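Per-chain residue numbering starts at 1, and chain names A, B, C, D, E and F are given in the order in which the chains are listed.
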Amino acid sequence: MTTVANIALVLVSLAGLLAVGRLAAGPGALDRVVALDALVTLTVVGAVLGTLARSDTTTGYVLVVLSLLGFVGSIASARLIERREDMR
Amino acid sequence: MTAWLLVAPMLLPVLAAGVSFTLSGSRAAQQLLGVVVLTLVLADSVALLMMAERDGPTAATLGGWPAPLGITLLADRLSALLLMVSVAVALAVLVFSIGQGFADSGRSSPFAFHPAYLLLTGGICQAYLAGDLFNLFVAFEMMLTSSYVLITLGAGSGRIRAGMTYTITSLASSLLFLTTIALCYAATGTVNLADLSQKMENVPGGLVSALSVLLLVVFGIKAAAVPLHFWLPDSYPTAPAPITAVFAALLTKVGVYAMVRTQTLLFPREETWTLLAVAAILTLLLGVLGAVAQDDINRLLSFVLVSHIGFMLFGLALFDVPGLTGTVLYTVHHIAVQAGLFLVAGIVVRLAGTASLKRLARAAPPPPVVAGLFLIPALSLAGIPPTSGFVAKFVLLQAGGEHGGAVPALIAAALVTSLLTLYAMARLWRAVFSAGPERPPPSRYPGNALILGAAAGIVLTGVGIAVGAGELGRISERAAHDLLERDGYREAVLGEEAG
Amino acid sequence: MLALFALHAVVAAFLPWLAARAPRAAWYVAALPPLAAVGWAGWHTSAVLDGRTLNETLSWAPALNLTIELRLDPLSLLMVYVVSGVGALVLLYCARYLPGAGREAALLLLFAGVMFGLVTADQLIALYVFWELTSVISFLLISGRSEGSDHRRAAEQALLTTAAGGLAMLFGFILLGAEAGTYRVSELVADPPSGGLTWLAATLILLGAFAKSAQIPFSAWLPAAMVAPTPVSAYLHAAAMVKAGVYLVARLTPALEGVGPWRPAVLAVGLTTMVVAAWRALRQNDLKLLIAYGTVSELGMLIALLGAGTRTSALAGEEMLLAHAAFKSSLFLTVGVVEKTTGTRDLTRLSGVGRRLPLLAVAASVSAASMAGLPPLVGYLGKEAAFDGLWHAPFAGGAWAVAGMALGSLLTVAYSARFVWGAFARKPGVPETEPGPAAFGLLWPICLLAAAAPVLGVWYAGTARLVEPYADTPGLLVGEGHAYAVKLWHGVTAPLLLSVTMIVLGLVLHQARLPVERVRQRMPRLPDSQRGYDLTVHGVDHAATWLTRHTQVGSLPFYLTVLLVTVIVVPGGTLLSHSPEWPEVVGWHSPIQLPLSIVVLTALGGLVMARHRLTAVLLVGAVGYGVAGLFLVQGAPDLALTQFLVETLTLVVFVLVLRRLPSNFTPERPSSRGRLLRAGVALAAGGCVAYFAVSATAAGNSLELSETIVERAPETGAYNAVNALLVDFRALDTLGEISVLLVTAIGAGSLLGYRSSRRQWPTGRRDGSRAARAFRGIHWDVPREPWLPESDELPRRDRSLLLEVVVRALFPAVLVLSVYLLFAGHYRPGGGFAGGLVAGQAFTLRYLVGRRAEAAFPLPITPRAVAGGGLALAALVALAPLAFGQPPLYSASFELAIPLLGDLKVVTNVFFDLGVYLLVLGVCLKLLFALAQARDAGDTLVPYHERPRGVRG
Amino acid sequence: MTDVVLDVVSAVLILAGAGFCLLSGIGLVRFPDTVSRLHAASKAQTLGVLLVVLGAVLQTPAGKAPSLLLIALFSLLTAPVTGHIVARIAYRTDAVERRRVVLDELATRLVDEHSPDDRRRDGGEPDDRRPDDREPPSPR
Amino acid sequence: MTGRRARLRQRANTVLWLWVLWLLLWGGVRPVPLVGGLLVAVGVVALFGLPPVHRPRLRRPLRLLGLIGTLLTELVTSSVLVAWEAVSKGPKVPTGIVEVPLRSDSELLMASTALLSLMVPGSLVLEMDRERRLLYIHALPVRGRADAERRRQEVAAVERRLARAFAEQPNDGQPNDAAAGSAGTGGGA
Amino acid sequence: MTTLDLVMALVVGGLFAAGFYLLLDRSLMRVLLGVIVLGHAANLLLLLTGGPPGMPPVVSDGDEAERYADPLPQAMALTAIVITFGITTLLLALVHRAWQLDGHDEVRDDVEDRRIGTVEDREESGPPLPTDRDHEPGGGSGR
């Protein structure tokens, strides 16, 4: 199972790198918001895989919080972008 | 009971700050609470000093956990002495600011001053008593964060700019401090100071030297030692008088204290002498020349403050009992004197409506009582006998006199600094207390008894330091002895097996 | 002696009060302490002269070598007569001259007391204490209360010059003390040090003495100080203060005359001063300045005589010292009367005063004659001894000394004559002066002082008895078996002839004053010490401003660069110089670190390049999430949780603040050179820290503590060791940390709370596509049901049914989650912080949807009360063990047996954690409320970039 | 035997989830406009999380599984909201590559509605306009 | 049903949901979490309760489960589709914005429909028109009318099945017609 | 005891370098970002000093203490994170206020330092300079 988790981790990591590429490249602020949001989700996925690989059972509760509140920042940023044309 | 005495100087202000923050509606209650709590802490600090004087370094671990598992608090002669003087000054400044109405006048947020001030005091107390490097960091943060708030309180544009300089520099120093803690932990696996002082002996010499110097830089920023001092004259002068007074008197001293504590306890065999001596000379001269160049009373005093940190470095650079005695005495004296001067400067500025010497010279002089209140700390700062400044300086010079090598250069720098300080004070005197063309003398002093009383209290504290130089000298000397004899500290914290 | 000193001080303290009520009586009272001192000295005279010295000690700070040791020996006795006797007379004179000047009376009396202390001090440091006090009091006396700037500058010059000398002297004392092992003067004299740095000590001490006694090149302050009231000059600048330097030289000559530079310096400086100052006196038209220069000259002579280190010259010096105190103060007081009665001191405007004020003229003439060294006055006694002493000097260079002394005497005679002529004579072509009446109260002190000259001269036996014991000190040289005796007549000796010659020549010089003046005009100007002083001060000012301007540049980036460079160079350099080899490092510990590192580094790269604020904020968020990921990898879920929550909250606060800021950074882009420098410094500093990190971890720490923590964590009731640390082992840190959080909320609340704002970023503009524009007026997505009651405050186009429904469902869930985290912290990641932050986010969510955090927080307590209460609760939990006799922050645990539920273990540190929870929640609420307030305040303003250039500053 | 089956199933789920994550990453990079990228990002948020969590649940003792289920639940609840809000704003702020939009029924509707400028001219619906909707005065 | 009873019922529902959440968080049904959870849930609802709203009752939970099952399969297929688009077309993927009329007037149902259709890859709810009961879906890939119509039907089906599960009767059994005029007219801006 | 691995050293160094770079900027906002990054840097470093990755230090029976990651640096870093957060909000408020007052959030040079001219314009001579500083506490803004 550890191997599977590790392979999966590689895939998710690659996705994360692509996301951070989008985050750095933009071009619009909203694109960055989307990328950041994806990055948070990928962190959750990666962390689930990580706990699996290490058979660590304590981290899961952290991820509950992450999955519940990950969208707060995205919504706040998106709202700002809506109000401020010069920030797009 | 020891533990209670040790923890109260931090716990009481913190508790009071919490209550004060919820009490924001009632100004009088906040004021009363502040004064009562600081008075209690002052009494506590006196008890601590008596205890430390009787028993030497006394430690307590909190929560019943032995060091280094729990946090250690420790009072020895040095920390108890500095604590007592600092709290006394903090109390006087609080009374002053209540009198001046500053505490009430932050228009948007009248609730902010008292809790922030209490936490500032709590942080300062904690910094003196911390027996743990990370706890010291937390104490610094309490103190500094409160100071960021206080310096920007009721802020106009100029103060915001100054607040930026101050805050950012302090933050840089805090982050470096945290980094240094991490490095110390990496090398030793502990952050308890007594434990560190033992474990540091197993660390490779080069790393120890480097850590020692790194800590010097970290605390050098807080203490405003040259070349890490630039922020101070650009930020302190813009704050209101009581804030400047308490910053100048206490915050830099906590930096000096931390420097003395860590260097003596953790790195006794390090050869930081040259570095400190060079820093001391630079600090003395660059600071005082800066003061001579100023046209603003508060900036002038700020540069003098920087300069006189050099005296404290002087003693530390000597790294022997007489030198450290001098540093202790100088720190104690400087707390009272610098606070007194800033307060009196505050009164002067308030009366004349300007801080510019040029404009003060044209203004009518303040009443004689202010002149008297100015004269004593000014002379003390210049080290004119028989003031406390002279006593402290003399002890340092005398300590230096025992050394050969390059120490006479240090002494010469100290003497030049004394003279230029006197020059700066004379310029101040000339501008402030001479009758300018704007003749009408103030018919009546627009302050009140609290302001003058608080200023007089601080000035008298300075006088008391001079009068009680005998007893203080004895305590300081033993404090210096304790600093160099680290076994007392270690045994107090870790028990008999240490050493 | 201490009692006498205290008497001076105590009486002085009452004088201002008294003077306001009894203007003259105050001065009479003021004269009492010095008179008492004179009386006391008289009482002890014979005993002291017989060798029984009086000693007293005041222990000030003995551990610091600060003791006030006082000792009355013959030299001190002589000085007490001088300072207290003259002092008393001057004070009495003042009763008429300055009635009602309470401040001056107090200061003068205090000064007399300090001088008394100075001349009786037997310990170098005590002597220095009194020495500097005289400088300070003289400063206050010269500067006056609210006089013009010339007074201030003169006072300042006097203060700085004498204090500079004083500091040099202090250094000398310290070196001397270190060399001799004692600061006791009597012990030093008994056992003089010689080796090591004694030469430096001697030189430094002489510098102090020269400055105090106005020796060239430090002489300028004394003439400048003549702006002071005349009695002040009479006392300070004739009898007392300036004598301190002379006294010091006399005091230490027995101990130091053998030290290399002592005698040459003393003779050269003293005699040069004597001649040059006398030459200057000759051309003064201001009577006061004339005798001021005369004083400088006389002081030079005294220094030379008392420092020469022979018995005869010591005798001469003592005689002259006594004489000078009497005649010079009487002459000063005379000038005072002349000025008071005629309104001028300018001798070119005075004529025939002697006829109108005959008593004054006689007294002054007697004093002047004593100054000129005419027999049988005491001045003559001194000068005879002086010539004799130098003539028979047992050291090389005596001939030069005699020549200098002779020339000085000649000039002295000339200016003495000039004084008498100038003050009293009738001058052709000058209208007769009409002086007013001179009160007897002003005249009798002058007469008494003048009378001292003939009395001491004629009664030379008595004078000799007074001065000989000092001269017989073992340290002084006795030249060639020649024991000089103080007498009026020694027969026709070479010194006598010399003396007579000089008197004659002096009178001739006075007569020839007009041709001499013409000669002087053609001579090159001598270096002027006033100019020297001015140049020095100016130079210091220039250096100070130059240096300050070039270091204190006011630029924060500059300061921080210096700071970083210091870090790189000093600690970094230290580390590099000690351990040049790179420790062995592995590539990575966990492969998952690699992608996370790339995420962090990429985001960092974007961050430093970002020009838009929002971009930077999002990128810094990514850095934060990446670091949180690294925390997870490292095995720190608590840390990751907190980091994540903090990151999200930070992002929200950033965004809420960004609404009101321009989109691009100000300033937009720094200069490229600056950027390069910055990048270099930053990279070096980063590398430095990394190097430090590798070296420190390579040092290998002990795992002892961390294992103890893990093993003992269950004792706290917390199986999560991190939580155990936070709420128990290191709860004090936590308390400090939440204090920090509270205070930042206070500060942020106060800064955001200003309603003054004239500035708000304009929202929305007219560009964009037609569809985009259309949405400004369209509001389709407005729910009818009150999913979140506060959201109907929103602009309707901002509403979203979906968002409101989901947030309604999630809000209580988030709160429950926060409570769970609070309690779960003991067993799992979580705790008060995480719980409080999550609860805060619940309200953040509501704020984002409804823009009104208040609506989401309907309880009657304010965020302030929540936050403050949380802190107070935590502090109370820390204090509570006091009631149970336990140490602070002690955590008790109870087993509660509850029916149905079974055993419930309660640990009191949970309440500490609850305090943390409440505080964090309160802080979050406070922030949200403050942000809401800031948003509502103010109206529209022209943004920075669109304002006209001039307004931007 | 069941263990092997369970392992295989969960391995498939996990690998599929991770694969979708990767594909979403590719979409995030390759898609032309914000809204399309949002589609891609949603993939990680929904399917990726779901599959991986399900796979993990199969490997986790029953007592610890609820936290994983909560992760899935909350992801499924919140991700669409983000998607909706961001997409809405993206459309409103023209972050849609219109060349690739073959059909836009929303634009059609918008054209039908009268534009705000027209409405203001008509003086219609002043009550609906909150203070925040006001146009800023032009800089002087 | 009176307002007060509706309020109580809704609060009870919320308490239940929070209680379940609490138990899930603690990972088991043991006495202490059970009691504690009830206390916490009641406390949260009592302190921060929200006004009641109209909520249709869930009558047939099994139907809901069935719907979710269907959606999950759809999830996989359309995910593959979108992923394929990303890899193959990338920047050239064609999209469309489709107007979907809804039948129900329940806001909860509308929101749920939006939520569920949002979960399906390839569709994003761009706008909701509460009054006219319209959803605007950004769909990907959309190559023409047919694709758009298929999407419209998919979402409508979701709503229909939801409504059945909740036993909510649509107002008039017909898709609302407010948007009928513009529905189907194509063309981008 | 193992040393810090190369990747983490690189990340720590990179975080510090980027943080310092931003700290040296004139834009207070960038400085604030620098402070945040430096906070991350210091916290990460602190955590890494505890040794290589380990199990979260949540004690369960039968586990060896060495398996766990060192909890002390975690607790310290957690404290530091919260402190940095507080300071971040404070600085943000400062940014906001600076912009409110001055229309920019640039850390300008200190004008008082510029005022140190030459000795010639000391208080003895020269016309009095107008002062732009308000010494009344709490005053200055919004009037």
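Worth pointing out:
Rule of thumb we're sticking to: a residue touches a chain if its C-beta (ideal position, glycine included) is under 8 Å from a C-beta of that chain, and two chains touch if they have at least 3 such contacts.
Please read these numbers as outputs of a predicted model, since none were measured by experiment.
Shared contact partners of chain B and chain D are C. Each step here moves to a touching chain, and the least such steps from chain B to chain E number 2. Fewest steps needed to get from chain C to chain D, stepping only to touching chains, is 1. In this assembly, E is the chain whose CA centroid lies farthest from the centroid of chain B. One finds 32 Å separating the Cα centroids of chain C and chain F.
Chain D and chain E have Cα centroids lying 14 Å from one another. Computed from the mean C-alpha positions, the centre of chain C lies at a distance of 74 Å from the centre of chain E.
Rounded to a whole number, the gap between the C-alpha centres of chain A and chain E is 24 angstrom. Listed for chain A are residues 9, 14, 16-17, 21, 33, 56, 58-59, 61, 64, 68, 70, 75, 79, 81-82, 85, each touching two or more other chains.
Under the contact definition stated at the top, the residues of chain E that touch 2 or more other chains are 21, 25, 114-115, 125, 127, 134, 189. Counting partner chains per residue, chain D has residues 24, 26, 38, 64, 67, 70, 77-81, 84-85, 88, 91-93, 106-107 touching two or more of them. Going by the touch rule set out above, the chain pairs that meet are A-C, A-D, A-F, B-C, B-F, C-D, C-E, C-F, D-E.
Chain A meets chain C in the complex at residues 6, 9, 13-14, 16-17, 20-21, 23-24, 26, 29, 32-33, 36, 39-40, 43, 46-47, 50, 56, 58-59, 61-62, 64-66, 68-70, 72-73, 75-77, 79-87.
Those residues of chain F lying in contact with chain C across their complex are 1-27, 29-30, 33, 36-37, 40-41, 43-45, 47-60, 65-66, 68-72, 74-79, 81-90, 92-97, 99-100, 103-107, 109-114, 116-119, 122, 124, 141-142.
Considering their complex, residues 762-766, 768-779, 794-797, 800, 802-803, 806, 809-810, 940, 942-943, 946-947 of chain C touch chain D.
Within the complex, the chain A residues that touch chain D are 1, 4-5, 7-9, 11-12, 14-19, 21-22, 28, 30-31, 33-35, 37-38, 41-42, 44-45, 48-49, 51-52, 57, 60-61, 63-64, 67-68, 70-71, 74-75, 78-79, 81-82, 85, 88.
Residues 59-66, 125, 128-129, 132-133, 135-136, 139, 143, 145-149, 152-153, 156, 159-160, 163-164, 167-168, 170-171, 174-175, 177-178, 537, 540-541, 543-545, 547-549, 551-552, 554, 556, 558-560, 562-563, 566-567, 570-572, 574-575, 577-579, 689, 692-693, 695-697, 699-706, 708-709, 712, 728-733, 735-737, 739-740, 742-744, 746-747, 749-751, 753-755, 864-865, 867-876, 878-879, 882, 886-891 of chain C are the ones that touch chain B when the two sit in their complex.
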